[in-house]
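In the two complexes that follow, chain A is the common piece, with chain B as its partner first and chain C second.
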Partner chain A sequence: MTTTTAPPAPTPAPTRERAQSLKRSLLILVAIAAVAACAPFVLPESRQSIAIRVLIFAMMAIGWNLMSGYGGMFSFGHAAYFGIGAYTDTYLLVTFGWSPWLALVVGAALAALVAAGIGYVAFRYKLRSAYFALGTFAIAEMLRLLATNTKWVNGTTGYHVPLLPESSWTMLQFGANAAEYFYIGLAMVVVCMVVTLLYLRSRSGIYTVAIRDNEDAADALGISVMRVRLTTMALSAAITAAAGMFYAQYYTFVDPDTAFGSAQSVQAIAPAVIGGVATPWGPLVGALILGPLADLTVTWLRTPPAFLDFLTGRSGLDVVLYAILLIVIALVLPKGIVGSIQEWWKRR
Partner chain B sequence: MRARNFVSVIAAVGAGVALVSGCGQGGASGSSGDSKVIKIGTLHPMTGSNAGDGAQLQHGAELAVKKINDAGGIKALGGAKLELDAGDTKGTPDTGQSEAQRLVSDGAVALVGSYQSAVSANIAAVAERNKVPFVMDISGDDAILSHGYRYSFRLQPQNSRFGATAAQYIKDITKSKGRPVTKIAYLHEATAFGTGVYTAFKSEAQKLGLAMGPEITYDAASVSDLTTQIAKVKASGANILVVSGYYRDGVLAAKAVQTVKPKLDAVIGAADGAFDQPQFPTDAGSAANGYFDVNYHLNDKSAEAKAFADLYQAAYHDKARASAGFAYDSVRIIAAALERAGSKDPGKIRDAIAKTDLNPLSLSNGPVTFDEKGENTAGLPVLTQIQDGAPSVVYPDNLAAKTIVYPAPVQ
Partner chain C sequence: MTARTTSEEAVPSEGGTISRGGTSRRAALGRSPVTVTFALLIGLTVAALLRSGSTAITGQALLTGLIAGGVYSLLAMGLSLIFGVLDIVNFAHGAFLGVGLFVTYEVAHQTGLNPYIALPVAIVGLFVLGALIQLLLLNRTIGGSLERQLLITLGLSLLISNVLLLAFGGDPLSANLTSDPGVHVFGAVANLSRVIAFGAALVLAVLLYVLLERTSFGRAIRAVAASRQGAGLVGIDVRLVYVVTFGLGTACAGAAGMLIAPFTTITPTAGDQFNILAFVVVVMGGLGNVTGALVSGLIVGLVEQLGGVAIAGQSPLLGVFILFLLILLIRPQGIFGAKAP
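Showing the complex of A and B:
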């Protein structure tokens, strides 16, 4: 099979142009990272944890976006990979004293393997669209129940990462609110982005999009649909597992619900959908909006402007806002924020 | 069309920028504090499925602050007033953690919370790392205080204590009433709470020579009917059924027992969230009669607890649950520690809390004191029974308000 036989697009972009667009994307990424790196200097200490949440959201959404946005395989169960990452980390750390960095490699590999296994079974038996989504959801729920009822992963109690007396890079533990957490998280987001951008420019990445757009045509042109899909799923799962490991290290605690609960699956989807599915920057924009949403509405509600005085002390408004935001975006910007901007830019 | 899209893009981006830039302003305003005000952070689930219990706890803490401030504040600190800084955990560990961090950064000298064990476990780690004391009003999981944390204390008796006490009480009662245990069936919800109580119950029961029958579990979040589970109880031939669950599933269990009619001498809750609640007989109807529960309870005989219950009713038009009393006592413990420490330094407050000696609103083995792990050594689960449509304490005898009715067969 050669590239000349697989032109799903009208004409394949010349290599030089493709390289240029990659360069541009990487430059944008560097710029975003540089701006983000200032956050610890600007944000008050009490807001650091929100910045960390944004980073975790971003990592999960980048992972989800790769498989479900670019790959078109809608996953409602990314909590499975997130949880595998978190549990592998805490299990190896608590039981054997492994460094989280090593555990990250193991966790990512394990999540990739599980994803490939799920994908193989699902595609072998032609599980598509809504049925595939339901299947992924069921797998995550199964893992949650399995963790809940398995004694050697501490059942319902889960794991506490033991607190160390001193900061340690090898054990990825620093003082509460230390800026190191933020920079490590930021570096991980950047790595995930670079990996995603490179993958999407690779042959496998281009095939992924081609299969999403027309599976039968891609198959007819000799693309090994199964192999490409499994590669994409595995990479997506590995990225999400990295988010899980970082979560466990930052929050120093995981249990079956926090690791495998459906809330985590939603947290992987929502930023990508709001920011823009199948756009490179959508997950980042979505995470930046959803991460602080709850805390900001709560802060704002504590001292609302005079005309909204009746709202003082009401709780739950952030949930309402969250829902309204989702509805408005779905109605007005069905392609998400970044997707709509891109479209507008093209038609301009 | 194009114009509309453009406007909405700008609006969305604008909203995003506003949200993010609002970030910086929010925290800055919090740090400007009056030196005559001492901030205590509360962390309860104010939204989500446990918001009802969260409100009870929050109200309990508010009443304590009001009482202390009305009585002249913290005298050792020149009459400084207490102020609650209320966090909302939403019942999730990560929000609990970020809220705890925010409260500490905003200058809270101590934290109170949080109802759910998983959330408290996270907050305890935050407290430890920031060296700020954390008093748990309600949170049962034994594991929270098994890490050698110095800054965390727990008022509520831990799960294992409920389980062990329940086994002891069952042994005492069945023996004194001449109707021994043939076999105990155990029904519990499947998370850390139910499993923890069950494990402790089982090991104590085996020590006491009580025969254990089947262990039956269910998922409290999704269960809608428990008749299958109760049918297993009936088939096992057990004469005692012990239940550990939350409120809604407790009512379901009672209804299933009424339908299936197993031959039981008693249904006994171990830290069950339903069988000791005043509204349980209303919701379960005649099925509730005679049900026991081993749980924490307000001391109905103490004038202070009565005053608290009246105050609560007047202020919030609702019956105070025992948990609200624990939140009330948690704030009092911190206030008493502030008096003794004579300082707002969290480390000194921590040392003073460790020397707590305070009469609680709840039934207790004397005043609250903390052991080296931070557990309340005086916490005392008591046995209540639904009689004439209301729960009353029936055991231990010295605290009993009514006489025990056993056997209490299913009607």
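Showing the complex of A and C:
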């Protein structure tokens, strides 16, 4: 982080300036939300799934960015928290008929607890960098295997959300492609963003960045490194669990692979990296780019241009494109799209 | 304990990524990790015996595990070599194994011959692929952060498995032998293809070891692993070493893929589960310790199969993951200690 010329962010700036930059960020967020709110009027109903996917990607990436971008703890296992959110929701709903809103609170709390537990053990034993990433990956995979082979959570079958005859706000269920899903998802993304922005301005958030930039110095200044890290991890996990709950409600189905599969971990990482790691808007930009890829390529390959004729009806092109994007960004723009624009803006 | 601690900290190349500490808590495994590991294996065998109540089942698990472990060894040696020399956590290693599977499928089906003729094709093909990737992509990021390398190899992994999906579709394919009789060893049975895979993997692993330890190019590789700058100063072409090393690493994955092809369901994501297995082996053997990976591969194979019998009802991989987390926490330098290959 070479942000010596920038007044806000890492270094604790004077209070008034900080309040102003927070105000500006919140205003930008309101503007983004207002523009996004028009999406259901512009998008054809059959395309609504694209908007939902963007929202889910955004939530996951916001969660990942908090822990791995701002916190510098590279997680390769956010599928664990996503899956905990999705499974808590469907388990409580199917077994006890709980409202998903209540299940969201339980799932987020559970994910936060699990994250804090993982973090405590990992930092207690000084797991760093690649080891930390591999460890988190192994934990997510373990949860996937456990879910697959445990009858108590329906093994490989997973859960289907029981369909209701009519729409219900308490049970978070509406007709297919209902605009309500979009607005609920949008509201959740906005809440996640506000929570993140407020947290980053809080004492704990500023400490998080300080610890990432120089752990020893932060420790020497009397910051409780462990507590701050665990708080950040817990918040990040709770946000990702919310994404999992929303996913389960929208697709009305979860199984071990969709909930805990490594693809979900990648989907938390990729938008944040492409948009810009440790930038507030990076996850949103990344989600906006990656979300539509799947649908666009499928449509495109249904009637491909002549030179791509051999790909008619094949799947996988969307991931190929986003893998290339990921490689190119990591290679050429390590700060991501938003980060690079910010840097250019400052140098100008 | 104190003497041990100081002597350990005197070991120069600890990977640089982990800070040492909390040694007293790591005492049990730290003092004699190899003994503890073998005690664990014996314990697992006993647990499997008690759980299944049958020597036949346990014996079969021992044989199957050991044989599977041979391929893990070969695969992980490549990964460990890449880490030791290039400091790259290669998350695409499983995907390279997947390429080996499809190369075998293509060769066997185009020629209609025995799939084993694909072995040289897989080795050379994957060497070239890996060398090109290092030359064109990864050589540009030398000295970059570990996370950045991880992201690039993650992207590569996604790219490779989805290009395979585009090209071959998602339906499972096979490259079976025309006849694959069972071979009896001490009352347990293993398919001929698995025995061949085990034998060939060990032969290739030993060849790699000889290449690293007994040839001048191997010495150059080890020199670069020990000190990039020092190697450059004595006239070693560091970038060339990087290219060849990554190629050798991916060639290991390709060979492993070919060897398991006759008894594996070939799908674009078939390599994924080997990714994490290879990492388990590599961390256990000590990141960058190629000989350690050779031995650890066999141990992981045994743990997988014995654990599968001992923790009945759960996936055999679960025991491997538990072992992995324990090693990460208690002995991150691996049971043999990390050192330059």
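As a working rule, the second predicted complex is superposed on the first by the 320 of 348 C-alpha atoms of A that agree within 3 Å, B and C clash if a C-alpha of one lies under 4 Å from a C-alpha of the other, contacts with A are read in each partner's own complex, and residues count from 1 in each chain.
Going forward, a residue touches a chain if its C-beta (ideal position, glycine included) is under 8 Å from a C-beta of that chain, and two chains touch if they have at least 3 such contacts.
Everything numeric in this text was worked out from a predicted model, so none of it was measured.
Under the clash rule set out above, the superposition-derived model of chain A with chain B and chain C contains a clash between the two partners. Of the two partner chains, both chain B and chain C are touched by A:Gly316. Look at A:Ile269: by the touch rule set out above, it reaches chain C but stays clear of chain B.
When both complexes are overlaid on chain A, the residue A:Asn149 reaches chain B and chain C alike. Of the two partner chains, neither chain B nor chain C is touched by A:Tyr183. Applying the stated contact rule after C-alpha superposition, one finds that A:Trp98 touches neither chain B nor chain C. Contact with chain C, but none with chain B, is seen for A:Tyr125 once the two complexes are overlaid on the shared chain. Superposing the two complexes on chain A places one region of chain B into the space of chain C, and among 183-191, 255-263, 327-335 or 399-407 that region is 255-263.
Overlaid on A, the two complexes show chain B and chain C touching the same residues of chain A, namely 148-149, 315-316, 319.
By the touch rule above, chain A contacts chain C in their complex via residues 74, 76, 121-122, 124-131, 133-135, 137-139, 141-142, 145-146, 148-149, 262, 266, 269, 273, 311, 314-317, 319-320, 322-324, 326-327, 330-331, 334. Of all the residues in chain C, the ones that touch chain A in their complex are 17-19, 21-22, 89, 137, 140-141, 144, 146-148, 150-152, 154-159, 162-163, 165-166, 169-170, 268, 272, 276, 279-280, 283, 313-315, 317-318, 321-322, 324-325, 328-330, 332. Considering their complex, residues 42-50, 53, 148-149, 155-158, 160, 162-163, 175-177, 247, 251-253, 255, 257-258, 263, 285, 288-289, 292-296, 298-300, 303, 315-316, 318-319, 329, 332-333, 337, 340-341, 343-344, 347 of chain A touch chain B. Residues of chain B that touch chain A in their complex: 2, 5-6, 8-9, 12-13, 15-16, 19-20, 22-24, 26-31, 46-47, 51, 88, 90, 92-95, 97-98, 101-102, 104-106, 118, 121-122, 125-126, 128-130, 141, 143, 147, 190-192, 195-196.
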